[in-house]
Structure formats: structure tokens, C-alpha cells
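Got a structure for you, written out below as C-alpha cells; questions coming shortly.
Each chain carries a letter (A, B, C and D) given by its place in the written order, and its residues are counted from 1.
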């Protein structure tokens, strides 16, 4: 295995295989949670996204697409992100469901009456217990270095899955919107 | 001079002295431009801010305060910043007034019918020529390494002045708004 | 098709299917380019990464992992990123291979004697012509809104592929390094 | 006062006056702490900077300058920032000295044997107690909305002072280095 994996195309094939297995399991077990997450996004006044490290980068990819859909979207920690209030949604991703800053943000969101959606690998985690909807990803979180759940390093499979889940949520919401690609295009940033 | 300046408090005193001189000159020559900039901010549907390097960081400090005033504010280049349209304002800072990405953004803003305000050291620069309002800062831009306009390195005096101008604009707009500090407070980010 | 795609799990399955096809094609056609990219990363004094929008976020995910491998890594545009010099590598991603800021950065890199690697969909693009190594992704770039190359919006398939290519490069370099997950762990940021 | 302050040039003059008073007080009371901070920066293997909100933006301005001096510099929270270790310095700014994430980072830094320098308004704060050197700024922190310490909103005077302190530290370290502006210039980012 290790010898093969020193070829990049073999590594790529392995990653795609892990993602296919993970996506299939999520589809079998969590399609209701995914649908509920899409409904929360569609029904929210504004959507706030928060993840740490690579999960945070994955959610930023999602945030950009939600903005393209015309949804008022904010990444927590950016300069002009306002306070969350009721009628807003906080969409989070944390492999372990224990990341301190994310759990505290979820508590704040719940306290002001906002909804919380969580993508995590641990159903019984502090983050999952705070969330209205939990999408459970059958992948290692980054603290699991056993190699049992994935041949990849740390939380890589989880973080890749967050990228794909965000794009799947976007894709479905886009189809539902009835808008064409040309309708979305004028919303892309034009000052860069 | 150099010997004194190896003491940090002497460096600090020198910086404050340079800022006092610069602020006095701006007040004498550019108070109309400052008032016009405040009016553009107050009248805009949304405010977009753009600067490179340290000027960009200075404008991010301004952006945060405009958001606290309840103004819909975006930093160009951040993930969820939408397209600028007419009725919006692009507030820029560029010492030389020639920074490529900023000049191109100003052209785009003008083309879509948005207003452009520019803080710069060069009245006859490409950026200044595109702007509705120009605030002229009598300080070195970062390409001027002669030491003539300031004892500080490169564009430091200009960049510090952008910080203070942004806060002066905010302060005046805040007083005009009639809101108290307690009124602004709930707009501060609450998820960090 | 559209009816099915309003289910999130169907969207997810479609995305995984597109990625599997894309990865297979890259493996068949570009395994040498992938190997050469890995060699450039392993041989560089420092690695600089640059992409715009979602491609830039994808490369930031890669950047974090290269840092975990102990490679001195910089994201272009971040505050403390220094000047590139010879012996360094610029790793870029641009679907169209025409993004202005990326082409200019590649020109600068070439001019100072640095190597350039490019992930793009267009072999005959300005970026590809500047690069030492080109990894060609058979996916739509974001300007292609025809839907011919992918059912997904704009450059989504390309951007997802950049995430996976970055992680495949990391995975192979990690296996080659002979280090365990526990060896990498102490390099993770500890101040957040 | 309010009537005058609705003119931007009057607001600017007021801000400069507050900064002059603050700088004078720091010079009188804290010149030893400033000198010690400069020595910590000069003696550190690497410098990590951390502040929240506008204080964080102010420290990013400082970080860019330290990089121009040739110091290996990292902003906490950026993508490729590695783990802090002994022989490194954590330079922080927090008006109240109680910001959760900053206090926790300072604890981690102390635990691994790194030095901590703190700019704050509260000598007896959790952050100050963890720091090797404390620079005390006689200004309101952002939680003080009484208007007693400054006519400006929240922590504005503190945050402006952090900008100027960072530039004063840089200026003195630059003079000490014996390098010319032309010596520093090649270290500026060349890929943007």
C-alpha cells in the first residue's frame, strides 16, 4: 500500500474511493438531515458559517456559493461580519464536535434564538447537542490518528467531505431556485 | 537623530509629531473633501473598501466601524463580498494612486455607476482621476524612499493617516447619527 | 435530472461521480505531471501558493498540510508572506489559466528564477505557458457556463479537484517522508 | 463639542490630540517596558502576533513591518502559521486583557517556554499576569463605553495606539539595524 501511495495518481484514486464510500454512507443514513439543512439555509434570514482550520476553509468555499445564490452570507471572524440574531442560521463543521470556539459560538447562537446546523463525526458531542440539525460524517476527526477510519492524515477525509457537502447543498438549492448559471453570474465579485 | 530614535518612546513621539503636522495640513486644505467623503458614505446603499498591504489593513479597521454604525459594508477580496453596483461607494486608499488592482477596481466601479472616494498622496494619479472625491494626504507614498516627507519607513505615515482618517470619518458620522455607544454595541460580532 | 438533484444526497452522489471520472482521466493522462509537481514541492526551498476565489481557498487547504510536513509554506496575499526568490516554487491554480493577478505573479516568479507549477483546464493558456509543470484538469473553468463538462455550477468541479489534488500530493509526500501522524502533529498551530 | 465633531477635520484634530496625550504618558511611564519589548522582538527566534478585531488588524500592520526587517513573523490564525515553541515571542494586544482566545494563547506560549509581551490598558488583567513585559496604554478598552478616557467610540484610542506603538517599535529596530530603506525593500511581497 505505502509503495503504491507514493504515486500521486494512486493517492488521488484512494481519496476518491474514500469519498465515494463516505458519500454513500451519508446518503443512506443522513438524507433527512441533509434535506433539513437545506431547508434551514433556504429559510434563514442570514447564514453565518464557522469552522476552524481546513474545515473553515471548506465552509468558506460554501459561503461563496451561497452568496452567489443571493443569500446574505457571513463568515465568522471576517472583518465586517455582524452579530447573529434570531431568524439567522449558524452552519458549523467540526470533526470532533468539541472545538472550543465553535461550541461557544453555537451556544451564543442558541441563546439569541438562531438555528444551528452541525457537520461532525461525533453524534454525542457538545456541538451536536446544541444543533437543530446534525449531519454525521463517518470519517476520522483530526484528533484520530489511528488510521482506522481513513488512510489519510488526520481529518483530511472529513474536511474533503465538508467541501463536497457544501457544494451538494448549493447544487440542490440552485436547482430548486430555478435560476440559470447566467442569473447567478452577476453576483460574483467584480472588484478583484 | 538616529541615536535618539533607537529609544522607542522617542520614535513614538516623532510619529505623533508627524501625524499632528499631517492632520493640520489636511484640515487646512482638504476639509471639503473630507466632508464630501462623509456624505458619500452616509448616502451610499453599501460601502466597499479596498487597499493593498498596510493601507488595506487600515481600511479594514474603518470597515469594522462602519458596520458598527449599521452601514452595509464589504471588504473587497473577502469571501462573501458581492458585486458592486450603482448606488454603492468604493472607498480606496493608495499612496501612489497607481496600485494596479485598485485602479482596475475603481474603473469597474465607475463603469457600473458607483461612486469612488480615494485617499492618496498624488492628486494627478490614475486613481485620483477616477474618483468623485479625493482626500490628499501630504505624506510619502511607499515607493518614496527618500526620507524627505517623513523620517519613517516607506508609506508608514500615509498608512497611519488612513487609520486616523477612517476613525475621524466614523466619529463624525457617529455623532451625526445621534446614537449612543450602547446603541452601537449590539452590532459587534458576537460569535468570536 | 433536475428533480433528482433537488435531493442533497443525489447531488452529493453526482459530485462524487464527476470527481471519480475526473480523477481517472488525470491519472491516465497526467501522472507524470503529478509526479513532477511533487518533486518540485519536495525540492523547493520554500513553497508559495496562489489562487483566486474558491481555487485560492482550495490551495490554502493544501498550504496548511505542506506546513504540517515541515515545508516552509506561504499563501500569496497574506500579511507576512515575503518576496519569492530563486530556489522557491510558486504553485498556482486557475481554471482558465488567464486570471490576471495569477499570470502576473507567475511572470514575476519566472523572472526571479523561481519554478512555477500550474493546475488549470487550458493547456494553451498564459499561465500554462509560464509554468514548468502543468497539471491539466478535464473540467469546466468558471467562465464556462455551458454545463457541457459538468452538471455543477461554474468552476465547482475544477475547484473540488484542486482540493483533492492538493491532498493527493500531500499524501504521497507524507508517505515518502517516512514520518508518522504523530511526527506531524506537533507542527499544528497551537495558539488558536 | 458634538457640533464641532460633526466636521471631519475637527474629529481628526481631536484624535491626534488624544494620541499625543497618550503617547506622552506612555513615554513617561513605560519607556522601560517599550525597550524591553523591542529587546524581546530582537532576541526572538520567531515572532507570533495575536489580537482580536481592530487590535488584531493593528498588529497585522506591525507584523508586515517586522517581516520587512527580516524577522520570521507569523500572525496567529493565518493558514500556514506553525506551532509556537520556546525561543519564540508571542506579541499580543488586548484592551481589557481578558479576551478569551488571547489569554489561552498566552497560557500555551508560557507553557511551551515562549516569551509573551502584552499591550493592554489593565495592569492587573489575566493577560498582563502571563506576560514577561507589559506595555500599559492609558486609554479606554472597548468594553468601557463611559466616554471618560476618550471621546472616541469604544477601544478606538487603544487600537490607534497599538498601530503607533508597533510602528515605533519597528522604527527603532530599523534604526538599530543600520539598514537603509533600499536594504529593506527587496523583502516586500512581490507576487501581488
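Rule of thumb we're sticking to: contacts are C-beta pairs under 8 Å (C-beta built on N, C-alpha and C of every residue); 3 or more make two chains touch, one makes a residue touch a chain.
Chains and their UniProt names: A, B, C, D = 6-phospho-3-hexuloisomerase.
Small disclaimer: the values here were computed from a predicted structure and weren't measured.
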Neighbouring chains shared between chain A and chain B, ordered by label: C, D
Comparison of A-D and C-D by number of C-beta pairs in contact, larger one: C-D
Interchain centroid distance [CA atoms averaged], chain B/chain D, Å: 20
Whole-Å gap separating chain C and chain D, where each centre is the average of the chain's CA atoms: 35
Residue list for chain C, restricted to those that touch at least two other chains: 57, 60, 64, 77, 79, 101, 189, 192
Chain C residues within the chain D interface of the complex: 48, 50, 60, 63-64, 66-67, 73-84, 90, 101, 105, 108-109, 112, 186-192
Partner chain A, residues of chain C touching it in the complex: 2, 5-16, 19-20, 23-24, 26-27, 30-31, 34-35, 37-38, 52-54, 57-58, 60-61, 64-65, 68, 101, 145, 147, 151-154, 156, 159-160, 163-165, 167-172, 174-176, 181-182, 184-185, 189, 192
Parts of chain A lying in touch with chain D, wherever the complex brings them together: 57, 77, 79, 101
